[in-house]
Each structure stands twice: as C-alpha cells, then as structure tokens.
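Here the structure comes first, spelled out in structure tokens, and everything after it is commentary.
For clarity, chains are labelled A, B and C in written order, and residue numbers in each chain start from 1.
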Amino acid sequence: MDDSAELSPAQALRILEAALLTASEPLPVAALRQLFDDTLSAETVRRLLDELREAWAERPVELVQLAGGWRFRARTEMQPWLDRLKAERPARYSRAVLETLAIIAYRQPVTRGEIEEIRGVAVATPVIRTLEARGWVETVGFRDVPGKPSLLATTRRFLDDLGLRSLTELPTLTGLEQTLQLEHDPVEHDRADNEPANPYGPQEHTLSSARQ
Amino acid sequence: MHTEVDTEPVEAGVADAGAAELPPLARLYGEPVTSLPRDLFIPPEALEVVLQAFEGPLDLLLYLIRKQNLDILDIPMADLTRQYIAYIDALQAGRLELAADYLLMAAMLIDIKSRMLLPQPPSASDEGPEDPRAELVRRLLEYEQMRAAATRIDALPQAGRDFEWVQAAFEASAPPPPGVSSAELMDAWRSILARARANTHHRISRETLSVREHMTRVLRLLREMGMRRFTELFDAADGVPHLVVTFLAILELVREGLARLTQTEALAPIYVTLPDGA
Amino acid sequence: MDDSAELSPAQALRILEAALLTASEPLPVAALRQLFDDTLSAETVRRLLDELREAWAERPVELVQLAGGWRFRARTEMQPWLDRLKAERPARYSRAVLETLAIIAYRQPVTRGEIEEIRGVAVATPVIRTLEARGWVETVGFRDVPGKPSLLATTRRFLDDLGLRSLTELPTLTGLEQTLQLEHDPVEHDRADNEPANPYGPQEHTLSSARQ
C-alpha cells in the first residue's frame, strides 16, 4: 500500500470513514492514528474527524465522540423506525415467575422451599433470579432451619412498579376467600380473626391463603 | 501471500493452496527447507516433514504425476508404484498412523499394477475391457478438481480477511421488561389457591397482608442492625393500629422462628434478634 | 411516529440507510419493508436500494446484495488500512479445512465419509468444527445408512461472508473434460451424473461435464 505520508486529505478521510463505519466499538484518536502508521498527528486526525462529522451532518447516521472514542451512530430520530426491525413483542413472564411472585408478595417472608410447597412444584433458580434481577424480590433473612434457606420478600421497587403504596393495596380474593373459609381449620384461623382491626382496612385486604 | 515458497505443483497447471503458503518445512543442516522437492530425491531427514506437507495419498500421487508431467490418464504404474512405496517406507519408520492412508493407496496401486500384468479377460460389452486404472484416475481427477476449487474459494474476498462489515452503532430502545399488574398477580395467586384447595391436606389460614408486610419490614431492620431493642421497632407516631400490627408481626416472626426475643431479667430491656447463625 | 405512507422518497432513503448502516447482518427486502410497516412494496424498496447503492458508488463503503439480503461493507481496497487496527491478521485456513469446505460447498449435502472418500484421508473432527464454529457449515440431515451420518451443507452465512448471493455464484469448477474425453472407459460413470440436478445451478456447477 502507499505510504500514508503521501495520502491526500480526501484519501485520509475515506480511510477514516471506512474504519469508523466498520468498527465494532468507539475508536480513540490514538487508534485512528494507527490507520496512518502514526504519520498523521493527533491534531490532524482531529481536524479530519471534525471534517467527517461535518460531512455527515445531514445524514441519518452521525459521527459522535463518546467516552471511548469516535463512532458512527444512528441519530435518535431514526430510532422509532429502527425499532420496528426488532419487532419484539413485549415479553411476558412465565406462569412460574408470576406464581412465584404472587406467593412471595402474599406470603412474605417466605423461603424457596415454602414456595415449592405451595406451588407443588420445584422453583427453578432462574425464576428467583429473574425476580431479583428485576429488583422486585430480595432476601430479607434466613429461616433458622437446616440449610438456613433465605427468606424472600418483595421490595419497595416492586410496589412502585406496580403502582402500589403498600402491600395491603394488593387485590384480595373476596369471592374465593369465602369459599376457602369454609375449609378453614378453626384453630388456625382464629389467630387472624382475633387480630385487631387492620389499620389498612381488614375487610378489603384480608386474604385467605393455602398453607400447610 | 508468502512468496518465498516454491509453489511447485502449480507449474503442472494446478493451483495448490497449501503448497503456496507452507512455512519452512524443516531445517536441514540449519537451512530452512521451504520448497517441495524438485525431483524425486528427498533428503531422508526431510522426508517425513515433506510428506506431511501433503494432504494425503491422492495429493502425493497427484504431485508425483504432475511433477513428472505424466498424463494422468496414462499412468505408468510400475514406476509410480515403486516411487510411491519408497516414500511410504520412509514415512512408516516415523509415523505409522500417518502412513495408514498411504499404505492403503499403495495397496491399490499394487493391485492395479498386478491386474494390468494379467491377460485381459474378453469383455462382454463391445466397449472394450475396463482399464484397471480408471477408478484411480477418476478419484485423482475428482480430488484435483476439489483441490482447485478450494483454492478458488480461498481466493474469494472473505469477510474479516478481505473486507469488513459496516456496523454503525444503534442504541436500540431496550425492550421493556415484562409488565405485571396487580390484577395478574391476583390471578396467579387465585390459581395457586385453587390448586391448593384441591389438596385436602392443605389447611387454610387467614392472615392480613399488613402483618406480612410488617414482618418483612422488621426482618429488614434486624438484617441491618442484627439486634434491635423491642421498643425501637415501634414508632408511637405511627398510631395505634400500626403499633398493633407491628406487634403481631414480631410475634409471628418469633412463632415462625425468624426472630428471637431476649430479656436478661425482669424489667430489663427486651431485645429482638435474628436467630443464631441467621 | 408519522404514518409511513406520508414519507417522502428522501425520507425513506434516510431510514433505509440508517437501518443498513447499523444492521449486524444482511437485511432481506422483507425485513426492510418492516421499517415502513409494509406500506412500501417490495418493488419500491428494491428501487430505493438501487438508488442507495448508486449513491454510495464512490464511497469507501459499498452496499452489496448477498444471500441473506443487503448489507454495507468496506471495499476490499480499504482492507490494508483497516488491517492496521487489528491486533493480529486473521489466520488463513489450512488446506484440510479449505478442501473440506470446497467439497461441502460443491457436493452438498455430503457426509463426512463421502468427504473422506474424495480427499483420500480421514477428515479430522477439528476441521469440521472449525467450519461449524465459523457458521459456514451445518448439519442439515442424516443419511439413511448405518450409523446415520450427518449430512453437511453450507450456510447462508457462508455465502454472505464470501459476498455471494447464491451457490450458483461459487467459482465454476475447473473443467477436466478435455483430458477426460479421451478416456476410453465408459463404465466408469460418475456418481454425480445419476444424482438429481443440483438445485443451486446445474448449468454451472454440476460436475458431470468434468467427469465423463
């Protein structure tokens, strides 16, 4: 190839353009100087970059300077169109995730083992991970039984994301509750029944739940 | 491309991808051997290395044929077989496993040779007797054709080697994480309860969510501090109902073994702690 | 966002350009139509693509049509400069890999045993792995013979990476018919003759001509 020193500015621009368009990450000026075997000063390269940015000013893709260096990037106004290519339907959580979340929400604090007991099936680790990664569930303690299983509870963020001020605003199951109460173990539910008035409105928020 | 390498087979009219880019084959008396032998004499020390430069018996056979500028359709079987076996003998000494393919080919050559020595049986068809070399020729030509095709494919511009894909950045809007409504949550809960109901051994109890919520709150406090004075867990400003629920939450925690109450003597402060080891 | 139907051709070109410059793989016309919510016909999109290709004709980067669709790539003459940014030159494939690839490309679908028969040597597993890892070769089925060997074929990516639109654009096999015409043995028919026509382009690529 020709000696870089003999490059015309137009050629240097072409090379810069090709390098920046094909780079998979931002290129710092030092890397760009390598394109010319360091025969161009950083100053010159910067001037060329400005020129290139200028040349792309009206294009749907722009040359931007990021923390890591220079990169071509689609303009934000192109985003709505480009997003259509992804054509991703909003994802939905699996039934396993939803039910696990429901159990943690309504029965917290609760161990994984207890969740499994209620659901009747094993709870896969990724299910819990999903909820933790979302910031909706966290470990708030450990149950003092062999294995010291973590106690899971919902977070503040869970309430915020669902637009709730408190857990008591979670909907209750009035109709079903009635049915279930028929099967109540009298001793077991006495405790709750004898509770003083729920400050947040016992009527709406009491819920019957399956427990062993 | 490396140009210092003697691309011997090419002169026979066949581009040879491998030979064109061989690193030095070996060092002979300190001198790098970078070329395939110009004739059939190969210094014994280099023989194994040279043979490894071939992709197999067909490759070697083609080399010998092209090298001697022989008509591939008129292979002088006697000479070729002799030379071939000489190569294999040497190869065998060092790398028997490498020699297996070559030995098979040698057997084939000898077979062809012997059949050619025998009188031809009268042919049933009118197209003349089958030449015992035909199958070998067919294979040689087919291999040679693929060898050439490999070179041509290699000569095509290749992504990452001869050109780069354009990939400007595009910050796709992160796909929104799945949403969950409290109604969905209740549905999930409802189906769990329905299933639980089917299991008669499940006893149904009744609790308020607010107690559960406070259990979590108290546990968080204990996790932060390890131990709290009982009284610290209450804030009179919260009002009576709140205090009562907190009290119930603490009792429930103790009942479930999630917290412990300790008091060293009567009227001493009561402490709420996490159970040992938790 | 605005209704795509109201887009001016200039706007449509901008959107196409942005999509193609930022794509991480070739985009087929069908995908590009999605950009406009399918309000533009395939015909129109193709015309725009031609226009776009035209517009980039003098640039260091070109718009090419490949097996998988349309994609921008740097012109090969830019490579000497772009190589300077690389820590190491991409390794060239060994003869074993290239010959195996050629046999798979021209004879597909083909089993490993058939490749070995043509090459006259065992095909080492890493050779196949190399091609699979590159995404150039994949198993497309199994031959119904003892051992059920996998049938190997080349992928669309193989064509894309070599700048081809279809297998018919592979280099024509060297004809050996001249020498072979002389062959007196008619019994020795080649296998390929009896095979069904190569769907990818019998004219250019069947081997029958080469091996009669």
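Everything that follows uses one rule, which is that contacts are C-beta pairs under 8 Å (C-beta built on N, C-alpha and C of every residue); 3 or more make two chains touch, one makes a residue touch a chain.
Remember, predicted model here, so these are calculated numbers, not experimental data.
**Q** Looking at mean CA positions, which chain is nearest the middle of everything shown?
**A** Smallest centre-to-centre distance to the global C-alpha mean: chain B.
**Q** Give the chain pair, either A-B or B-C, that is connected by more C-beta contacts.
**A** Looking at B-C and A-B side by side, A-B shows more C-beta contacts.
**Q** Determine the centre-to-centre distance between chain A and chain C, using the mean Cα coordinates as centres, and give it in whole Å.
**A** Averaging C-alpha atoms per chain gives centres 37 Å apart.
**Q** Approximately how many whole Å separate the CA-defined centres of chain B and chain C?
**A** 22
**Q** When the centre of a chain is set as the mean of its C-alpha atoms, what distance in Å lies between chain A and chain B?
**A** 30
**Q** I need the residues of chain B touching at least two other chains; which ones are they?
**A** Within chain B, the residues that touch at least two other chains are 164-170.
**Q** Going by the touch rule set out above, which residues of chain C reach two or more other chains?
**A** Touching at least two other chains: 18, 21-23, 61, 72-75, 78, 82.
**Q** Which residues of chain C touch chain A in their complex?
**A** So the residues of chain C in touch with chain A come to 1, 14-15, 17-19, 21-23, 27, 31, 34-37, 59-61, 72-75, 78, 80-82, 84-85.
**Q** Can you tell me which positions in chain B touch chain C when the two form their complex?
**A** Interface residues on chain B, with respect to chain C: 17-18, 21, 55-59, 71-73, 101, 105, 125, 127-128, 130-131, 134-135, 137-139, 141-170.
**Q** Name, in rising order, each residue of chain C that touches chain B in their complex.
**A** Chain C reaches chain B through residues 18, 20-24, 61, 71-76, 78-79, 82, 90, 92-96, 98-99, 101-103, 105-106, 118-122, 160-164, 170-171, 173-174, 176, 179-180, 182-188, 190, 207, 210-211.
**Q** Spell out the part of chain B that touches chain A in their complex, as residue ranges.
**A** 164-173, 175-186, 188-197, 199, 201-213, 215-216, 219-220, 222-223, 239, 241-242, 244-245, 248, 256-258, 274-278
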